[in-house]
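Here's the structure, in structure tokens; my notes come after.
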Amino acid sequence: MLKALRCNSLEHCFQRVTSLAEAQQALAEPQAILWLDLFNPSQEELQDVGAAFHLHPLAVEDAGHKHQRPKIEEYDSFYLLVFYTVQAEPSTDRLRVCELSIFLGERYLITVHSEPVPELEETEQRWTRNVRQLEGRVIVLLYSLLDTIVDQYFPVLDAMVEQAEALEDRLFSGELRQRSFTQDLLALKKRFLTLRRIAGPERDVLNVLTNRDNPLFNEHALLYFRDVYDHIMRVADTVDLYRDQLSSTMDANLSIVSNDLNKTMRTLTAASIVLMVDALLAGIWGMNFEYMPELHWTYGYVVALTVMAAISLLLLLIFRRLRWL
Amino acid sequence: MLKALRCNSLEHCFQRVTSLAEAQQALAEPQAILWLDLFNPSQEELQDVGAAFHLHPLAVEDAGHKHQRPKIEEYDSFYLLVFYTVQAEPSTDRLRVCELSIFLGERYLITVHSEPVPELEETEQRWTRNVRQLEGRVIVLLYSLLDTIVDQYFPVLDAMVEQAEALEDRLFSGELRQRSFTQDLLALKKRFLTLRRIAGPERDVLNVLTNRDNPLFNEHALLYFRDVYDHIMRVADTVDLYRDQLSSTMDANLSIVSNDLNKTMRTLTAASIVLMVDALLAGIWGMNFEYMPELHWTYGYVVALTVMAAISLLLLLIFRRLRWL
Amino acid sequence: MLKALRCNSLEHCFQRVTSLAEAQQALAEPQAILWLDLFNPSQEELQDVGAAFHLHPLAVEDAGHKHQRPKIEEYDSFYLLVFYTVQAEPSTDRLRVCELSIFLGERYLITVHSEPVPELEETEQRWTRNVRQLEGRVIVLLYSLLDTIVDQYFPVLDAMVEQAEALEDRLFSGELRQRSFTQDLLALKKRFLTLRRIAGPERDVLNVLTNRDNPLFNEHALLYFRDVYDHIMRVADTVDLYRDQLSSTMDANLSIVSNDLNKTMRTLTAASIVLMVDALLAGIWGMNFEYMPELHWTYGYVVALTVMAAISLLLLLIFRRLRWL
Amino acid sequence: MLKALRCNSLEHCFQRVTSLAEAQQALAEPQAILWLDLFNPSQEELQDVGAAFHLHPLAVEDAGHKHQRPKIEEYDSFYLLVFYTVQAEPSTDRLRVCELSIFLGERYLITVHSEPVPELEETEQRWTRNVRQLEGRVIVLLYSLLDTIVDQYFPVLDAMVEQAEALEDRLFSGELRQRSFTQDLLALKKRFLTLRRIAGPERDVLNVLTNRDNPLFNEHALLYFRDVYDHIMRVADTVDLYRDQLSSTMDANLSIVSNDLNKTMRTLTAASIVLMVDALLAGIWGMNFEYMPELHWTYGYVVALTVMAAISLLLLLIFRRLRWL
Amino acid sequence: MLKALRCNSLEHCFQRVTSLAEAQQALAEPQAILWLDLFNPSQEELQDVGAAFHLHPLAVEDAGHKHQRPKIEEYDSFYLLVFYTVQAEPSTDRLRVCELSIFLGERYLITVHSEPVPELEETEQRWTRNVRQLEGRVIVLLYSLLDTIVDQYFPVLDAMVEQAEALEDRLFSGELRQRSFTQDLLALKKRFLTLRRIAGPERDVLNVLTNRDNPLFNEHALLYFRDVYDHIMRVADTVDLYRDQLSSTMDANLSIVSNDLNKTMRTLTAASIVLMVDALLAGIWGMNFEYMPELHWTYGYVVALTVMAAISLLLLLIFRRLRWL
């Protein structure tokens, strides 16, 4: 599905474009900036766009395949960027990660994706708002896009941080250590890992975009991409903090489970000893020896029960003092 | 809340400034150095100050948002620094971390923060004391500020170090391994991690400030910032030492808990065997076979009890020799 | 076993070559590109080829020995590359790794391997398809070869990823923790480690091939090798993700095993206490004291059984409330 | 406490100096080399020395405070080095670490420390021995000092290595895993960590001193500091080896404790089953059913005991075969 | 013990040299290449050789002390290299590591070692074989030496790899987890660590020897040392793989021990419950209540035994279904 927007970089007015032909025509005007969005394009559509914009076959191939790493690659007349949008699936808390291929030319930007990307609408709004800055060049559009994508990481990350804190609270809440605790922790750790592996290479991409030694853009534009770089750094930093903390949480869980086991065993040991001692006494007085004088005492039975109770109490006190009960 | 102080860099005299207009006026005099402190400013106030001092919108936006990383960013006519103050909450031992945005111009320094920062009063005192050094330029103020902030890390860090040592002592104090031990350890580890993640990027900032290849300041000033750099390095070093040691402490705790469990089980095993053997004997002599000669011996009962006691003693000696008791 | 193919780089036509002599002859023509494939050659054959192509003895020695690392080495008139093909053995899931030594000359490419390499046939097809690109030079052949090899990593990697996910599912499936789980996990971890140690140095090789500062090839060719580099990076990235996740899985397994043990012990403790209390009561009423009035009650036995049942029920309720049962 | 020694760099003769004034005087002679040692100086004394030698206030402040990192800092007319001496406290095995601030001028060296440093006497002897080398300049003194300090690390390190090996032997010595084992291991690990954190930055200092690109000294002198660098590298290497090995030792300890627990539980299980089976039989034959024919057999009792013994033996054989006993 | 060999670099003929004086004489001839081997020399012998060859005292000192790191150091007229030979002690599997100091001059090579080094004889053979290469210069000898040393690492490494695989197999072989398993694993890990710490710095030495930016030798010679570098890289790589795998093996061992414990406890729990239930029944029917009608039934005893057997069977079936048995 092709969707396009052209912008006159002098007059800052926008027009919808409805076909590839029209888009190519638009590009012929020197002030036009063009944004082409391809949603789930067929291989054929991709080839057509590639031909129309003189895109390198390897770059077109990358855009057609999924599971590229976040990257920036320079070609003769354009750059290919790969970025990821991230959203939390509301019900399952799993991350919905969507890959976005971006062709950046002198006066055009082409986005390719196989799933709907809500960030693109927000990008359009920001572009029309930002367009007067930076002399209306195409990088305003790129900045608006990357800024929108990275801004969307924060609500996802904040939710994950809350989940991590909640897991830690559960650890000490005193309720039974459940299988679900470990499962949730492992799943959350994987979400952090996934986010880290998106943020890491994207930081490298923004490093290229803000490199002063070999600038792609002028000094003024660098400031804008440095701002995005700063945000992605914060994402990476926070992820690292919580990955580290989740590892400690899992270690702590093991300590607590082991300690709980110890407490269980102390209960068992104390209870066993008390009950076995009493049972031994009952067994002794249940023996069939002929000459067991106490069996014939009037209060023999009462004395026996009293002895049992006394010994039980004594043992219980000892175990209490040892803090085994 | 705006608070400002101007300093005549020739005469080294200070004057309070009460409004933004006055501050701008002050700046018109070539010898004036101005310190503007904005405590919890509204977006509007921030915009006004930004406009008055020609601050870049992206920098003003950063100062208005929380949760920036410690950083230094160069803009056309000023630098933006983000630094953190750290204090221990007296009751809970949690770290109270406060973000401070700092605009450093040719002859002004603007601090922005959303919570009260006691370090600023100390900074003012140090500035008036240090002002004759370094020809009274604005970096004296910046140095006074950063030096004060970093100096305040040490009491916090020292308290954390003491807590870490105390935890280790608790580990071997022989008292019961409590859930609170693991909880305290995990919380302390997180405090170290938080401090590390502040000190790490701040070290990078000071690395920029003391960089000889691309100096922001003259040679003489570098020495002062190198001193602050050295302090922050010590913070990072000490944090690393104790993070590592706390990990070992947690591992050691697991070993000790497992070993305690082993001791519990040996007690249970030894006690069970002794009591079950005796109970078996009582059970045997409690059987109802017609022909059990010993039941009719006069001293049968005494012999039985003696045999039980003897076997018990023997078993106890064996377990003692095995060090199971 | 020698197999050779020559290509006329102008006319793009291919011819089988059947002997070393013919191959040398072919090389005399300036437009000829030659691919020599040596399958399990004897030392003598290798020496002959080395002499015919003026290969350095150290390079020939490397090609004759197994267990080189993936590498690229520059010699006077050629490069020696070592690369690995990877396949999953269908039945055992073990990786079948095959070493490939590649001599890259001005107009020839020699591949040496001691096991059959199915990737070579695919390479031949791709070469004939790609030959018109890049002016038909030998690097088209090299690119076709490396691209084919690296493309073959993905099905293997995908299968391993599925196995890792399956292991994680098994962890929480509730069925008994079996020895086979740990064994499978350890074996899978080793497969990932093996793949990582192939992909790591191969990435370095491709880094050399795509190095702009000291280019082996022209700008246009770099794009092709950068594409292979990108694929190998993705392999390394995915491997790192799953190695990390498998470590967490093993840690989680330990937590779960420990927790299961805790549950077992609570069952044992609860059951023991209930049964021992009842047994103690039976033992008491089995004592042979003369004066035990309840023994003579008409409903004494029924009362005794009722008391036992009641106490058992009470204890069971308590343990249920403690979530021990 | 001030102690000073002057050396005539031409005649290589040494003289004690007893006051700061005399020291200043001595420095006026162009051939004189001066070593000033300040043991636990008051702030005032430090200020006086600082003023007399034109030392920068920040450097004097560093020398007056404890807990600097090992470092080298360049000032206008001198260098400030911080180094640590290390000694093992004979009784407790704890490390006694002593900080040494060193001011290195053109013709003087000032050492500041707050505790007695036995290495200084050795340094004096080596200086007088080495003085004819390197044209008697002040770096001979610096080399003598650093070489002495680093040489003293080795007996300490060797003792720690022996302790690490002894701990490992204790692990497999078969005696009970004691709380003291973990405590000793944790303490030793901390000593290695402390030594590592001294050796690490000191290596960086020596790296600066032996840097060929920006030499502080002439080529000939570099060889001497490279020798010290080499020693400190060995310290760092050995520490790293044993830190790694101690981590493995702690992991191994956990495996062994867990395995010991397993053995304890198997003993308990086997013993319980044997004794409970026998007790069950005794209980059965202790039941009060009217018609239990075997109770009336002449050899009933003997048969019963034989059956118990036979079953016990059988069970013991089974458990022995299962290697549970 | 001094042993020497001279080689005429033009005529490639070798002669034994028997004294230091003769060796010095030999060196006077411009075509002579001299190899001096000092086995366990006294300090005096070392000093004599140092004086005869104008070796720097620091270098001679290093050669006289043990426990240097593998290194290369440049002096005025020679290089000092330290390398290690590694052999497996056949009986104990411990590594026998031997330090070799190597002085490399323009036309001489001096080896110093305190234990016999079998690699030296192999070196002599290779030298005589290789001498015609590289114009017979002294680096042929150095290459022959280093190549021989590094080649000898592989049989040692291969044996260690086999031991690591064997340990892994033992882990899953089903036999009892023995103390010796952990001991062997820890010892093997240490051997790998030792080898790693030799191979790591030696790789750095070979990096210096093959450095194109600052070549010690001509281009042609570099190829030879690159080949040794490649071998040492393979050693380091393989060691890293197996160190990582051994860590996983130890973790897996802990999981398996914990799981075995769980199985033991389930056996205990199931057996206890069955036996205690039966014992309780026996205890109940052993009570002395007057009115227990079933005691008087003719088949009471048989019914009782049947009930016990039935309940036991039922419980066993339940535990079997729970997979506890």
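When the chains are written out, they are named A, B, C, D and E in that same order, and each has its own residue count from 1.
Here is the rule we go by: a residue touches a chain if its C-beta (ideal position, glycine included) is under 8 Å from a C-beta of that chain, and two chains touch if they have at least 3 such contacts.
These are the chains along with the protein names UniProt gives them: A, B, C, D, E = Magnesium transport protein CorA.
These figures come from a predicted structure and were not determined experimentally.
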| field | Shared chain contacts [chain B and chain C, defined touch] | value | A
| Through how few touching steps can chain A be joined to chain D? | 2
| query | chain A and chain E are the same sequence; what rotation (0 to 180°, nearest 5) superposes their CA atoms? | reply | 145
| Classification of the chain A:chain C interface as same or different, half of numbers criterion | different
| Between chain B and chain D, what is the gap in Å from one C-alpha centre to the other? | 25
| request: Calculate how many whole Å lie between the centre of chain B and the centre of chain E, each centre taken as the average of the chain's C-alpha atoms. | output: 40
| message | Multi-chain contacts only, two chains or more: what residues does chain B have there? | response | 251, 254, 258, 261, 265, 268, 272, 276, 279, 283, 286-288, 292
| Hey, how would you classify the chain contact layout here, line, ring, star, complete or other? | ring
| message | Please list every chain around the ring, with chain C first and chain E second. | response | C, E, D, B, A
| task | Sort out for me which residues of chain A touch chain B in the complex. | result | 168, 171-172, 174, 223-224, 226-227, 230, 233-234, 237, 240-241, 244-245, 248-249, 251-252, 254-256, 258-259, 261-262, 265-266, 268-269, 272-273, 276-277, 279-280, 283-284, 286-292, 323
| field | Residue ranges of chain B touching chain A (in the complex, touch as defined) | value | 56, 58, 61-62, 67-69, 71, 73, 75, 176-177, 179, 182-183, 185-186, 189-190, 193-194, 197, 247, 250-251, 253-254, 257-258, 260-261, 264-265, 267-268, 271-272, 275-276, 278-279, 282-283, 285-288, 292, 294-301, 304-305, 308
